[in-house]
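So, here come the structures, one by one.
The same chain A turns up in both complexes below, where it pairs with chain B and then with chain C.
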Partner chain A sequence: MEPILIIFWVVVGGLLASLGAHLLPVGGAPAAMGTATGIATGTVQIMLGAAMTGLFTAASAATFTDSLLLVALSGAIGATVMICVVMLMANILYTFGCGIVPVSGRVDVDPLTKEPQAPYKTPQTDGHGVPNVVFVSGMLGGFVGGFGGALMYFALLNYADFTAGTAAIGSLSIFVPNAIIAAYNIRGTIEGFHDPKFKRLPFAMVTSLVVSLLCGIMVVIASYLTVGGTM
Partner chain B sequence: MGLIVVLLFAWMLVIAFLAFLACTFEDLESDIGSQSNPNSQVQLAAQIGQVNRFFNKAISGEPLSNAMYCATAGTIAWLLLLKLEPLVPGEEWKAAVLAIPIGVAVAAAINIIFSMTAHCGRTAAQKRFEQPIYLDVLYGHLLPIATHAFMTTFFITCIAYIQSNLGTLSGNPALNHPFALPLLGFIWGITVGAIGSSTGDVHYGAEREFQDRPFGEGKRVVYHGKITRYAECGVRTQKDIAGFCAKFGGPITGMTFGLIILFENWRSLVGMQLGGYLPNLAASAGNSSVTWAIVMGLIIVITLAVVNYVFVRWVRKKCGPFVGV
Partner chain C sequence: MTVTPAVVEEEPTKKGLSFKLPLDETEMGLVAGIVAAIVVVFTGLPAVIKGIALILAFLWGMDSVRKTSKYGLGTGVPSIGVLATGFGVVGALVGLALAKYGSIEGVAPAVLVGVILMGVIGLVSGILSNNEKVIAMKIPKLERAMMELGMAGTLIILLECSIVTGSLNFNAVVNQVMSTGLIAFMFIFTCFGLLHPYNACLGPDENRERTRMVAVEIAGLICAFLGFAMIILSSFSWELGSIVSVTISSPWKLWNGVSLLIFGVAVWAYFFRMFIKACMDEAYETVGTGMIKTIE
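Moving on, here comes the complex of A and B:
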């Protein structure tokens, strides 16, 4: 049944979008001043940037493949490449432009590489730069977010029979509220999966489920009304 | 004329080069008008008594404002192309040469309107803190802001045009990107803004905005709002900032977007080549092309992670633990 498929994939895509936004290291405005760890921009903005890059690649992949998994993986890898390059270049800017050592402000020892963080941190700041655990968390966040966005695009394109442009705008539009839910949940900044704020994830997942379900139902109605029916 | 694979790769490299320039100018546009995250300090400065001559632009976050300019420019360019291309059959580039600059000029005009209203509105709201609206700051920065915005939007619109016509330019229209020009402009506007906001703003916010603080430390919470107002040549304005950030922050930001575009397009095309999809667009080779592209993307991602690990270790060893109070 196509409507069930549409709603199912939209819900999964929305949940993944919210999860990805929790995993992405968002430093917000303080990070741009070297006062907080993470990428120096807002949650929704960096998540959108990554997901859009993934969507671009997924859209061109969708023109010559019918496999849901391959299209979604294209989107995921595209988003991951974007986030990785951004984080690496941000580190280069922090280091050579401002003389700052990348350290985390939420843990005393990096959970992955076991390097001490506290001795390298500037006093009266909450960490700065993109240390290794934050980088890995960003990679995962980009992968998951890009996967969700491309998944929704494929569902809208092939099951709801939207055109490529409409499917892109549709998946972007469903993506944004899910990323905003994550932004509300983390209250602006998060360092990644090692951050204590990450434990608030289940609240966002429930909200995201409800929102994505509503969006999925709207897509089915829109598809039925305009394109003439997947019912 | 069939598909010329070399042309496909050549146009892809042109796109990567344009992307480099686009994001350089995007970062400088947000430096010459103080947008996005570091502008929170400019806003705060007046509120804690630090009257300043900064151009308090902050229209919105950079991804959204750049998406607005690029989508506007893309839409107008696309409409003009729709009308002009039938007049020059076989030589569509002539239509593009006229349509793209006109579309981008309209977007730049919109930028001037937003910049003026944003600065006047934000500064007028700080009247109680005795922050004046300096008219020479207002008039003197509008044209530089519009110029930088013109450059950013121009390059992004060119990228969108080439991508939506990549197949036509290389001989086979089936390889055109499925998104229309305005949508591609919108997508890359968001991306270029997200990159400029997350990378380039650091040079402005952590270095130039607090130039009189020690180099080599994150900016402490107690410094917030106390931006550098008296500088090398008298009282600081955005013109001093853009010139400084153009030496490091701008090019690094440009390189970020250029590398991203390069990696994305290059791995897709090489995947198509290795999978056998080119030059005849064999339908059976679609899955293997995408698989190759995914594998190359994974290799790129793992390489970047390793480079970051080595880089962070090198920095920690070179700089050592924090010294000072």
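Moving on, here comes the complex of A and C:
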């Protein structure tokens, strides 16, 4: 076991989890009524779903390879696919079920495609569905979050020498507080990197750094006492 | 000149509140913490006694979730329950790793170091979340609540591992809880035990007694589930996930599992009935609407 590597990758994974939570289109309760942009649930549920899917793909890849990059990338792909399917289904439901167009509520012109947003927005609402810029941001969020979760899984599996089940639940347990602290930082809803709330990112990063550093030290203690080895 | 009759205020009937643990939030935390800590140290106790400590620990965690979520977290009640469980699993890993130090036959006091370390991490994250210069959530006493949640979560996960394996040996827990996938159920069930009572009961007329009934009810369901898991685990000899033999490998565990299953079902049935009765009594009126009419 290698304590420095464990702490380093756990901290990197925690920071990426926090960044990923800021990039996701979280709509919360208003989105469930179609009056806000994003997926109609909280950050925790979206991030937990993405991280779990990422861990499944990462764990499958970890059974036949020792490459850190390959395991982390497969985790990232799993989480991205899950988030993309959820965003696509949300758009299908909003457009064909409710009859509203996906439109951003925070910007007047889409920063990527330069499409006008303001004329299509229903007055008194905060946008609808998942428009282009939000979709791209969500994809990036899923990729970054899944990459972080899979990095933690790899560190716990190979550097801390835990079994696959222990490593999976351990990395999920460190991932979750980081994502939730990011959720407290964005106060519930966010659209993505173009949202004004995204500027609050450094505060969540500081908290995430401290919490994942302490959790990494806990993992090193557990690994040292059970598996043994040279510090 | 007509005199309008004074409005006769009807006294609300409080017949349903028969569940009165005469403890406020601080006392509840102390009692639950001490009882759960003592029970978790003595690993050889029968599963039913561990189940009672588990119920107390859930009541403690539920109180902490309730007093934090009352002020509005902005992300919904579930987030804080999941946070507590996440902290709990990390703390339980350290506690289990430490358990072999200074333990005499069936007594493992070093486990509590994991609980204390997790309390420190909870306190640090609470201070950072509430600090004006960092996340600035501005929730009164969030630091204390996060510390309590870390400790309660760790105690709950340790008690559940202790119930299923009958010991706090790290390898036994890895073989019987982690590698069989039982930990995934434990994770989700513990999340729901902590977050569901307040999440389901919140609203203008929420009161602590009724919310606690839901907490005890869910803890009873978890006891029944753990008892069932013990029965399954006692009839097979598990070797990293593959069934080696189909014999009753441990009669002690079988009878503990059966007693815990009966205890859990009894607690669930009693408190579920009490909760429904309390809701009926405290509501202004309960009327049936019948089936939904279809338009022809």
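Annotations for the structure displayed:
Convention: the second predicted complex is superposed on the first by the 228 of 231 C-alpha atoms of A that agree within 3 Å, B and C clash if a C-alpha of one lies under 4 Å from a C-alpha of the other, contacts with A are read in each partner's own complex, and residues count from 1 in each chain.
Quick note on the criterion: a contact is a pair of C-beta atoms (placed from the backbone, for glycine too) under 8 Å apart; a residue touches a chain by one contact, two chains touch by 3 or more.
Since the model is a prediction, treat every value here as computed from it, not as a measurement.
Of the two partner chains, chain B and chain C are each touched by A:42.
In the superposition on chain A, contact is made by A:215 with chain C only, not with chain B. With both structures placed on the common chain, the touch criterion links A:181 to chain C but leaves chain B unconnected. In the superposition on chain A, the chain among chain B and chain C reaching more residues of chain A is B.
When the two structures are aligned on the shared chain, A:86 is found in touch with chain B, with no touch to chain C. Legend: residue contacts after superposition of the two complexes on their common chain; A:165 is shown touching both chain B and chain C. Of the two partner chains placed by superposition, chain B and chain C are both touched by A:28. When the shared chain is aligned, chain C comes close enough to touch A:226, but chain B does not. Where the contact sets of chain A with chain B and with chain C meet, they give residues 28-29, 42, 45, 48, 164-165, 169. Interface of chain A with chain C (complex): residues 28-29, 42-45, 48, 163-166, 169-170, 172-177, 180-181, 183-185, 187-188, 203-204, 206-207, 210-211, 214-215, 218-219, 221-223, 225-226. Across the interface of their complex, chain B is touched by residues 28-29, 31-35, 39-42, 45-46, 48-50, 52-53, 55-57, 59-67, 70-71, 73-74, 77-78, 80-82, 84-102, 113, 115, 119-125, 127-132, 135-136, 139, 164-165, 168-169 of chain A. Within the complex, the chain C residues that touch chain A are 73-76, 78-80, 82-83, 85-91, 93-94, 96-98, 100-101, 117-118, 120-121, 124-125, 128-129, 134-137, 170-171, 174, 178-181, 183-184, 187, 240. On chain B, the positions that touch chain A within their shared complex are 36-38, 40-41, 61-64, 177-180, 183-184, 187-188, 190-191, 193-195, 197-207, 209-210, 215-224, 248-249, 252-253, 255-256, 259-260, 263-264, 268, 277, 281, 283, 286-287, 289-291, 293-294, 297-298, 300-301, 304-305, 307-309, 311-313, 315-316, 319-322, 325.
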